[in-house]
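Take a look at the structure below.
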């Protein structure tokens, strides 16, 4: 509940932003929401499930490409539709995750640093593959992807302006965040945390860690796929960088900086880092990346729980102990 | 045929036979202890029963079903609950969540053992006042009890307890012995305890098997075992006879 | 020689040793007995710096060692034979011994003939991988490995564990002889009464992280009661 | 003759890959540290050559300076970063990733983002009959082969190697024997980084030197370790042979993309079939 309070507070604050911000910044905020959603997907699988995926953009990219080809009408018998595209994107990402996961986790399974390297390599290979897949635009990617279209049946309701787009995205991301917030507090959430802290113990209670891992991996992939799908409607452009390694590592940095073990901290980590990048890269120019690299190192060493999660958790702890004392 | 039958079980590690042609029968609803010096193969025996290790030779039969070729998950689903020597709980979950967790399995056991309500479990293990604390915040003794609590909520048909009093103070040890006795008595649960500490065994007051070099050396009640010279020599060395 | 004052130690938040005080005089063999989990192994690990003391002091030859890193404690000539022997099973017997000399001083390799005289089986097997030795031989290697560093005191953690009684007795008598002939001090943590009675001059009983009582060997021989209390036997 | 040149190219690539993988392996096998900045250390080795060339220093001097400078940077990294997180292996991935970003960007700031080239000290080719091959490339092979043998010799035959193997197997027991494990860790790390620096310097004249070059070698390096197994050092040879050979040959015969995908699928299948690698028997610590 307290966790949800933070979520509601954060989103309430976000909701008033477009009223004060310029069009440009509202447009930026739209991207931040999607990055935040993407960060949530990684926080779920890594922070809660303990599966360090170094190639989370694989699923973001799959979502992006599936959305692109589907709304551009390139899957000829399948009608081009916004809603259908979103569902296809989520399903494709989850299906790929199921395939990959059952291969990687089965048996003794690959985990820890090995999994990190393997997923990183997959992201690299896929980026390379997409760059050379000329039917899907190759290196140049796919252009002119339709924007958000709320229309049903044959009516079109395309959203081109950043403010209405903001509120649509805001609603989607808010709902998913609340759902995830509820999920991690549910029994499944306990299982996830158990999986992270002591996977071996779970087997001796008759659980199959593989099943739990697969579930969370697919769910996280579906959310990442959704983020990717929304991204291309906003950007109008799907390129191999969306599936690749750079974005994979960027999301990792956002989530680690914010705090992987707390959904809202991961979400804010993405927004804060992007925001800082927007400001500071103007201020510091090429030095920004250098600063980010150092900041990241320092934060990993000194605040392994994350720069945003650490104060939030300290606050929650004080809050709890006050309540108990009272 | 008994409830749990272990027949000519053998497991080697390199040249060392950790468990060597061991035979053991456990009746349903019984409380049994296995004692023996460090390194006699007690923990290996438990690892074989719960599927952490595979036997080289031999069979393990629980209520007519062979366990020796099952995975650890299947064995647990078939009703084997195991407590580890070093308490193995979920540090990042609260005590309640820890206790609740084993019940979350969708496919329940083929047939279940005796069960306890959460209230009963909390009372038995004296953890009610720590319900909402994280596992990592508990003391060592409380962690040991929490793990026992988790196993009760799993409602297994056989409970394996591996040195449940390791690292406990004398009074905690006595309370643990009483806890185990009441688990066995209240619900007629089948309990198998491995222990090193003879004081604890005396308080348990149950049938005993003495294990040495991977096999059972002697069986009997506490007094018989206590006065057996072979057992004394095993435990205390050759000089052991000086206080007989 | 070894003086422990108000030592508090343990793992994480769990305290195992509670204000422990103990003095070990030079020469001779002292044994520590007690039930499992009473903190015997933790005590030895804390002396060696493998577990950090939370408070209290440890002096060796009047030098404080409780804040030194483990390898420097070893350099002060404290030898340690860990529970479970922990020989390097992928290295040969000779490499195991050489390693210990590298950790102390390479000149200690001159001690090798003496070591082989004490433990002839190690010479026979010097080029075998340590992992192929029997439990008793591995124990001898672990002890020999420590001796080659020319320690003034060695801390032995349950050397009888998992070893046949006859070999336990053999190791005990040989160690006692070595201690007598070289003036080596031995601190022995054991549950095996035979080994303790063969080797020890004093016995400290440990319970709940404290030394409760110290007795001489003769006294112990005459009092069944003490073993009953402290070992619950 | 169409077959010999690709084969020689492949061996050359494999040897460089082995040097990189050995450095990674020493650090990972010994300390459990995954050094994501290893590729950048390799890159810095190459940039030392760029620097030498622009200051008109002799090529051979650069070849000596590069490993020394990179080793020095390795020493700094170990002291300032790695030693604080030895106990948290997964965090080392993240922290060294931050380091890798910072190092890359530092190079961009100093040298600019564009590719640089280093000219080889000898341009002649060596020929027997139809077969002709640049002498410098043969030199790379000889030099890396020499370094690989030297590395094996150090870890299998010297006292330092004996201590290092002991520390890998049982760090705490080694400490109680008086071995300073911290020092062994430090010098092993430094040695691994020096190998990467030398590999970068050696290969600089044959590739285009740019700030992004590290990653292209880091990932195959890691795959080599995973495929070869993290147990014995020799696993690296098998792993790098499999990964480098497939990559190099398929690049020529099919296409670089197909090669990458094939290598990757090969790697993932081998890792899946033999989780401890081709030659591995991983010790549980």
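Every chain is named by a letter (A, B, C and D) in the order it is written, and numbering of its residues begins at 1.
Everything that follows uses one rule, which is that contacts are C-beta pairs under 8 Å (C-beta built on N, C-alpha and C of every residue); 3 or more make two chains touch, one makes a residue touch a chain.
The structure displayed is predicted, hence computed values, not measured ones.
S.K.: Would you mind naming the chains that touch subunit A and likewise touch subunit D?
M.R.: The common neighbours do not exist; no chain touches both.
S.K.: Which chain has its C-alpha centre farthest away from the C-alpha centre of subunit C?
M.R.: A
S.K.: Quick check: how many Å separate the C-alpha centres of subunit B and subunit D?
M.R.: Those two chain centres are 49 Å apart.
S.K.: How many angstrom lie between the CA centroids of subunit C and subunit D, rounded to a whole number?
M.R.: Each chain reduced to its C-alpha mean, subunit C and subunit D end up 43 Å apart.
S.K.: Could you state the distance in Å from the CA-based centre of subunit A to that of subunit C?
M.R.: 55
S.K.: Could you list each pair of chains that touch, in label order?
M.R.: Every touching chain pair, ordered by label, is A-B, A-D, B-C, C-D.
S.K.: Mind listing the subunit D positions that touch subunit C in their complex?
M.R.: Answer in residue numbers: 159, 162-163, 165-166, 169-170, 172-182.
S.K.: Name, in rising order, each residue of subunit C that touches subunit D in their complex.
M.R.: These residues of subunit C touch subunit D: 48-50, 69-71, 74-75, 80, 82, 86, 88-91, 95, 98-100, 102-104, 106, 145-146, 149.
S.K.: Sort out for me which residues of subunit B touch subunit A in the complex.
M.R.: Interface residues on subunit B, with respect to subunit A: 50, 52, 71-74, 76-77, 81-82, 88-93, 97, 100-102, 104-105, 109, 150, 154.
S.K.: If you look only at subunit C, which of its residues touch subunit B in the complex?
M.R.: Interface residues on subunit C, with respect to subunit B: 13-14, 16, 35-37, 131-132, 134-135, 158, 160-165, 168-169, 191-195, 197-198, 207-208, 221, 224, 227, 231-233.
S.K.: Which positions of subunit A touch subunit B when the two form their complex?
M.R.: Contact set of subunit A toward subunit B: 187, 190-191, 193-194, 196-198, 200-201, 203-208.
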